[in-house]
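Both complexes below contain chain A, partnered by chain B and then by chain C.
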Partner chain A sequence: MKLSVLSYMAWGAGVTVMLAFAVILLSSVLGMGLALTRLYAWPPLRLLAAGYALVSRGIPLLVLLIGCYFSLPYLGITLPVYAAAIVVMGFYFAAYMGEVFRGAIMAVPRTQWDAGRSVGFRGLQNFSVVILPQARRLCVAPFLNTALSVVKNTSLISAIGGWELVSAGREIGERTGELMPTYLGVAAGYYLICFPLARLATFVERNSHA
Partner chain B sequence: MPEPLVVIDRVGKSFGATRVLKEVSLTVGKGEVVTLIGPSGCGKTTLLRCVNFLETYDSGAISIDGETVGIRIGADGSRKARPDREVAAMRARVGMVFQGYNLFPHLTVLDNLTAAPVKVRGLPLKQAREKAMALLERVGLSEKAAQYPAALSGGQQQRVAIARTLAMEPRLILLDEVTSALDPELVGEVLDVVQSLAADGMTMMIVTHEMQFAREVSRRVAFMAAGEIVELAPPADLFGNPKNDRLRAFLGRYQAAHRI
Partner chain C sequence: MDIAFLLRILPALLEGLEITVALTAIALVGAAIGGFVVVAGRRSRFAAVRAVTIAYIDIMRNTPILAQIFILYFGLPEIGLYPEAFACGVIALVLQNSAYAGEIYRAGIESVKRTQTEAALSLGMMPRRALFDIVLPQALRRVLPVLGNQAVVILKDSSIASTISVNELTQSGKLLLDRSAAPYETFFMMAALYLAMAAIVLGVMKLVALRFPVRT
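This part shows the complex of A and B:
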């Protein structure tokens, strides 16, 4: 029985990892777009991107998840629960990822732009050869920090009926009545997912030259 | 007078309401070393940055080898910004060495020297590396090729920065207070490299606070004050027989500060 409980939990953890991965991927792509828009786009678009970041960071994720998932059908859109969850969380965390990338790009000194231009790099080339690699190093720690936040917040997906680690734990708890050990197990599951990410952040920070 | 390479013709520039350059004119001949001296805020660094268009200018014109820098001036006197591609191509042949070295911290010393030749010039990597090693040899740092800039002293970083500039085979090098951030005992090693470039006939515009160095390396020295070149002469005349009052006051202050 213990083994089947463990494997059930591991299955839930696997779903959590996959959900988190999808959300991190989507929010990173969108976040990069937001960051570049806020930094370099036509000024009205910059304002729009800033507004987006402000609004989405000011709404609780749970409200967004429930609100979007249960009101989308009224607009004639029905999405599978996982798809809806990934899209909503992707857009939500894009605001945070955007700030992570924007901060990192802005943290590269102006003098590096000058140096790149002075050896003959063109605008975009300078950005990709000189600025971006340095920004990438600067953003690793805050990026992984946000990624940890994504992992933990996938637990909210259980609130709209998506099955993942928390749902697995709830079912086990209800069936066995062993709530305390079960939820300790769930917590340990999240910890085991997050721990390598946190270690990675420390490792990368220690091994960067910038 | 050698054939002119850089012609600065009545260049003016303002930052907001402050006029930092007032109708500055200066011609630098091929193979000539011209040094700009003057008090902080006199516009010498701004002028230098205008020459490779890291800074725009509002009026007048700067040209290098007959080509106007950063803008195109029409027959009717209209000024049109040059596209990024043309400005970058011009900068690729004008070296600049900065006060803060500005090496690329994420690249090794060798990669700092090969990045632009490979990516801007399209030089094959192997060739770029060979040339970079030869240049590092020249500035006495070939054993540092695999290091990252952070592992080098300020003087070493600045020598790498000079080598990075040379890797693009510039026809002109701009040096902006290249020893100002260095500890006094490291100044000499950098100035020696600049001195050797001058001996090779490299055209240079140098902004510096090292008067002794300006005296030794330059063919002419320009004294700037409040956005204007107020005196321009060979170093022996400018330092030995300064005519302008502001220059005399400036040199007096400098001597007082450097008397031990």
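This part shows the complex of A and C:
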């Protein structure tokens, strides 16, 4: 493989990493909101959040990406493809992130709330000082696994015309005619991005059972 | 929202739905069986077999199914193999999800206490029989909900076969989106059909879980 090919792939991998980072950021913020809504909000809102999680986990991401890509122009909205993709994926993965955070908060024993109250913390303060730090530690491994899933799913952005690692591979493949080595290279690129995340997740999981 | 239009596109989408169901069903059975091969390899007494299996799981976990589908569909012809698009979709789904199913089975097996095996052996059962009659039934019951979620993942990932123009639900929806100037209706219908299928898969898994409850 020539050096120019490798650097082109590396550029694609860089775009993939940036897209994944943006999606992880957006979906974490939205997911935290969803988790808190489901746990503590006014009951009808809780139901709504649960419904959102159910619906967005039952529809394929590709369908959402294609649907929004085709629909938005009809609404008079012309977003750049990257922005549209990040928003759609952000909202899609918010449901998964929400489950990660909700699971972690619920995994903190109830007695911790009582203990917090007994030393004088109340409501929001109790939550942020006593519960949240413990939940944060519990959610690291599932968070990393979801992040890994985000990285892999950014590959679907190529299906609506966003340029990233798979698109870079397709262009190289079409130009050189060597599709097999090129797509193997693309897979290797994703592997290099995802492997550290997966390793870190296993490491954290193994060391969190105190 | 134009109801008459929704009804008009429904037949075209249902044709796609059939292929989605076929794709999902075959991949589901394949992955359920492949998972057993993976877990057997992962727990093999030969270190080499274990290492190969771990590498396999690692590769499947860390590469997107889209890349695998492209390797199969565009890459294999270069070495003289010409698999059909549908077959590529099935193979990619099975390869990826066997790894996940294997890890789910393993988690289930490891959650069954060692004392269960010891009790079975002390009653004079052979190790193989202890595994199949005592450990596995308990293990599988425990991981049924997780397997249900994985089944939904397979259903959703089957949409990726549209990228190599398998005429499943997403692809037929995409063609309708291209031809008609009614993106919401088509999109809404596609989403509704996927949701309905996901609900059916989860519902069936719930029934199975009721039939095989976890006993403590």
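Please note the rule applied: the second predicted complex is superposed on the first by the 202 of 210 C-alpha atoms of A that agree within 3 Å, B and C clash if a C-alpha of one lies under 4 Å from a C-alpha of the other, contacts with A are read in each partner's own complex, and residues count from 1 in each chain.
Note that contacts are C-beta pairs under 8 Å (C-beta built on N, C-alpha and C of every residue); 3 or more make two chains touch, one makes a residue touch a chain.
Fair warning: this is a prediction, and the values are worked out from it, not measured in the lab.
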Check: Is this a clash or a fit when chain B and chain C both end up on chain A?
Finding: fit
Note to self: Quick check for you: in the superposed arrangement, does A:L179 touch first (chain B), second (chain C), both or neither?
What the structure shows: second
Next item on the list: Check whether A:R137 is in contact with chain B, with chain C, with both or with neither, and answer first, second, both or neither.
Entry: first
Check: Taking the superposition as given, does A:C194 touch the first partner, chain B, the second, chain C, both, or neither?
Finding: second
Next item on the list: Could you look at A:S118 and tell me whether it touches chain B, chain C, both or neither (first, second, both, neither)?
Entry: first
Margin query: Which partner chains sit in contact with A:V129 here, chain B, chain C, both or neither? Use first/second/both/neither.
Written below: first
Note to self: For the three-chain arrangement built by superposition, which of chain B and chain C touches the greater number of chain A residues?
What the structure shows: C
Notebook entry, point to check: Which angle, as a multiple of 10 degrees, do chain B and chain C span at the CA centre of chain A?
Noted result: 100
Next item on the list: Have a look at where A:V29 lands relative to chain B and chain C in the superposition and call it first, second, both or neither.
Entry: neither
Note to self: What does the superposition give for the shortest Cα distance from chain B to chain C, in Å?
What the structure shows: 23
Note to self: Considering only the contact definition stated at the top, list the common interface residues of chain A for chain B and chain C.
What the structure shows: none
Notebook entry, point to check: Which chain A residues qualify as touching chain C in the complex?
Noted result: 55, 57-64, 66-67, 70-71, 74, 148, 152-153, 155-156, 158-159, 166, 169-170, 173, 178-180, 183-184, 186-187, 190-191, 194-195, 198
Checklist line | Contacting residues of chain A [partner chain B, same complex] | finding: 111-112, 114-123, 125, 129-130, 133-134, 137, 209-210
Checklist line | chain C residues within the chain A interface of the complex | finding: 58-59, 61-68, 70-71, 74-79, 152, 155-160, 162-163, 170, 173-174, 177, 181, 183-184, 187, 190-191, 194-195, 198-199
Item checked: chain B to chain A touching residues, read off their complex -> 52, 54, 84-85, 88-89, 91-96, 98, 100, 102-106, 115-116, 119-121, 148-150, 164-165, 168
